[in-house]
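Lettered A, B, C and D in written order, each chain numbered from 1.
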Amino acid sequence: MRILMIGDVVGRPGRKAVREVLPALLQEHRPDLVIANGENAAGGNGITPDTAGELFASGIDILTMGNHVWDKREALTLLEEEERIIRPANYPPGTPGRGYNLFEVKEGLKVGVINLSGRVFLPPLECPFRLGRQLAEELRAETRVIIVDFHAEATSEKVALGWHLDGLVSAVVGTHTHIQTADARVLPGGTAYITDVGMTGPRDSVLGVKTEIIVHKFLTQLPARFEIAGGVIQLEGVILDIDPSTGRAAGIQRVQHYCNP
Amino acid sequence: MRILMIGDVVGRPGRKAVREVLPALLQEHRPDLVIANGENAAGGNGITPDTAGELFASGIDILTMGNHVWDKREALTLLEEEERIIRPANYPPGTPGRGYNLFEVKEGLKVGVINLSGRVFLPPLECPFRLGRQLAEELRAETRVIIVDFHAEATSEKVALGWHLDGLVSAVVGTHTHIQTADARVLPGGTAYITDVGMTGPRDSVLGVKTEIIVHKFLTQLPARFEIAGGVIQLEGVILDIDPSTGRAAGIQRVQHYCNP
Amino acid sequence: MRILMIGDVVGRPGRKAVREVLPALLQEHRPDLVIANGENAAGGNGITPDTAGELFASGIDILTMGNHVWDKREALTLLEEEERIIRPANYPPGTPGRGYNLFEVKEGLKVGVINLSGRVFLPPLECPFRLGRQLAEELRAETRVIIVDFHAEATSEKVALGWHLDGLVSAVVGTHTHIQTADARVLPGGTAYITDVGMTGPRDSVLGVKTEIIVHKFLTQLPARFEIAGGVIQLEGVILDIDPSTGRAAGIQRVQHYCNP
Amino acid sequence: MRILMIGDVVGRPGRKAVREVLPALLQEHRPDLVIANGENAAGGNGITPDTAGELFASGIDILTMGNHVWDKREALTLLEEEERIIRPANYPPGTPGRGYNLFEVKEGLKVGVINLSGRVFLPPLECPFRLGRQLAEELRAETRVIIVDFHAEATSEKVALGWHLDGLVSAVVGTHTHIQTADARVLPGGTAYITDVGMTGPRDSVLGVKTEIIVHKFLTQLPARFEIAGGVIQLEGVILDIDPSTGRAAGIQRVQHYCNP
């Protein structure tokens, strides 16, 4: 089976890229499931019912989140009600929403999706190594096809989690840095791995934000109101080929597409 | 003209990859200059006269450094004496060594190389944006061909510096994360850019270190003695094509090669 | 001569404490100059013309700032126009406002006030050690009475700056942690030192904010809207006795007063 | 009953201060139990069987630890064997040693001691708020007299934990910053609280280390070998008066003593 995982969708341009580029990707690659990281879907920070709805209408099946999950107040109820959105599972007990879920892709074929957050240079959530392994083992009672979105900053933490879950899940794909990495491969145990799948949003920007705003902020150390950049839009992600009976990945392939603003 | 920039060389395996893979690269691409980041050359941390000497003997022309520059005591005198090694220019005034230099590649063709360190999640050195621009402008009095190794953690800071220096230098290439990124391109002003050129060292590792050590550290939060991993070795870098008269980049191409341990 | 330095004034309760407690302090201690840290004066974050005006009307002569200096937009013009407010001097060149100033306390008696920000766990401004020493030396051409408000988090950085400037300035007083420390003393070179002068605001709170909000935030890692706490209000600070001819401190005495909300 | 809690004992001078000052303190205050933070007992970093033995021989009953707990390799076995040493309870499951313990002070009078580490600017251990409350509730089945050493950096986290455990434990005393704070008091629920009890070691130093080494490090950003400072030695701590039947604190009093090197 085939799964398309799309990197952090940033604001209106990101949603536009999904709407315009995804149909061609669906036709070309015919994935059974499309996952996207939606933590920046609403104006660059967080998610709302409207922006989530727009992404689902464009063909996204599941949205994962990250450190920006609660930036919009509506997320607190949205994530309680909407089973297709998952947030990092390692938030403390009692956190609204769910950190993983099982999705029936077709008759008799379920996919487990787990979202985890790193802790290096990020808030001190529960241990993603310990919890990631525990959740993977639990989900394996239901399916062998398990995808982990590891939303983390430090390459060391991301690579280490890939190795830690190798053989237990079908893929560990990184998000959060908004820059696609060139290290996609299948690890020896059969887990597809990439440090970061990249970003879906304005290409000529700093992680989606207008370049001059961020450069000015670095130069002056003054606070700044972020604005989403214009210009050419990119859609970045990976295509995962997985053997549904064993859960082993057969391949992972990077995807980079562009559209006009 | 053509320049090969090689990512962080890690320990004995990294030096071996340079020794074994570089000759073929030289023959295939015929670069006029070979730069490598050497901050991890000596046992994974820092540099020594011996390890630097070995890399120069293998065909490296210039070594840049990073946050590990002072991990070996010998570096304090080595960097004073050896003009071919440069450390981040934004260390405070009075720091041993030099942060940039001009290298004569052939009769009448000089290349300026600047090393800068990021400050996000890293020590508070001087502003790399302000200083980077100032040094670039100074070096432009001598040559238009200027290469910046920006040794930094956060993708936002790296991308922003790329834009900040676009049109002023020939290339801004990132190092430090040890993971090659898939965003190499020439920016509109003519500056080649990549967020990270990657690592030269053991592939099946966490940034060069034995996987089980790092996973154990994340799981237990106990201190650990790092050991360089074994197995297949990778050499990662980029090839930069630059018009020597204007300094504009014509292309940037990612390189990933492997050799046996 | 005698100087009263008051710790971070937090919101309406903090301003009330200044208004109600300061008159008695002025009468009892008869300071020649009253400085207060005003970075939290406006609703807990930043400063505005109104809140600054209220503090000046209550008897404050000079306001120093810290990492919250720019939280209110009005500060950008306020600090350009109002010479009695100074912000950390180690912001980059070109930052609005001034980082130090000379104030004429009485005929022939000037006091230099320098505001510096730490860099440990705080943004990467310019080096407070280097700049602090340079500014102190410059101001000494005008007066020997120099007060440094070092707004910093880490005790190591604060203590170290105290020693670094010992003998060069009359006092290094810390702010930012909102907790008064019990280490006030005159260092061997004649510089009065305290790691933190404390906070002026609601006592039964977490640094001025409602306790239940901050505890909930630590428990849930969810974002929260901060609200200033109610209840008994404290005013904390230090009284510095300085020989105006030599600039040497003769004493430093902690002050803690309370008033009803 | 009365408990003396002594702040971080730093190296040989710190151990000497305990040996020389403690006898007089025991005679004057007649505490039923003496606790000291020992994370810096061995040469400034970590603890060994010898340094722990020396402190026990000098009259310390219990040693708590902090982020330096594992700096000396011997600690891994020492903390398994020695019940009188406890390390932060919020290390992950499987960590050597124990995070709390019950100590019988006299016939029928037990004291529970819990050690916790903060997570702001410190490694991502388990949640000290959640775990602290859980452990306190468990220990209350055995005794009402419970002392928490909260080894943490940020004042916000320390104050918040004090409030969070108010009424549940007899005292929350902070350690780690090496600077005693002036905020000791009994909170409304009956819990004695202080943000930091201070340091036991060389007074004229930066947190115990030679001043010139730390100042040089801040100025140059170069690595440095730390050396314990000489000169006058301080012993800092607090005396807690607790009603053994209810566990409520009746008072908390700061202690600062000095001896010759």
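Rule of thumb we're sticking to: a contact is a pair of C-beta atoms (placed from the backbone, for glycine too) under 8 Å apart; a residue touches a chain by one contact, two chains touch by 3 or more.
Values in this document were obtained by computation on a predicted structure and should not be read as measured data.
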| item | value |
| --- | --- |
| Numbering shared by both copies at the chain B-chain A contact, with half separating same from different | same |
| Distance from chain D to chain B - Cα centre to Cα centre, in angstrom | 44 |
| Cα-centroid distance, chain A relative to chain B, in whole angstrom | 30 |
| Multi-partner residues of chain A (at least 2 other chains) | 92, 124-125, 127, 130, 219 |
| Arrangement of touching chains [line / ring / star / complete / other] | complete |
| Residue ranges of chain D in contact with chain B within the complex | 70-71, 91-92, 94-95, 123-125, 219-223 |
| Of all residues in chain B, those that touch chain A in their complex | 121, 127, 129-130, 153-157, 159-161, 163-164, 177-183, 188, 195-196, 198, 204, 206-207, 211, 214-215, 218-219, 254, 256 |
| List of chain D residues in touch with chain A within their complex | 92-93, 119, 124-127, 130 |
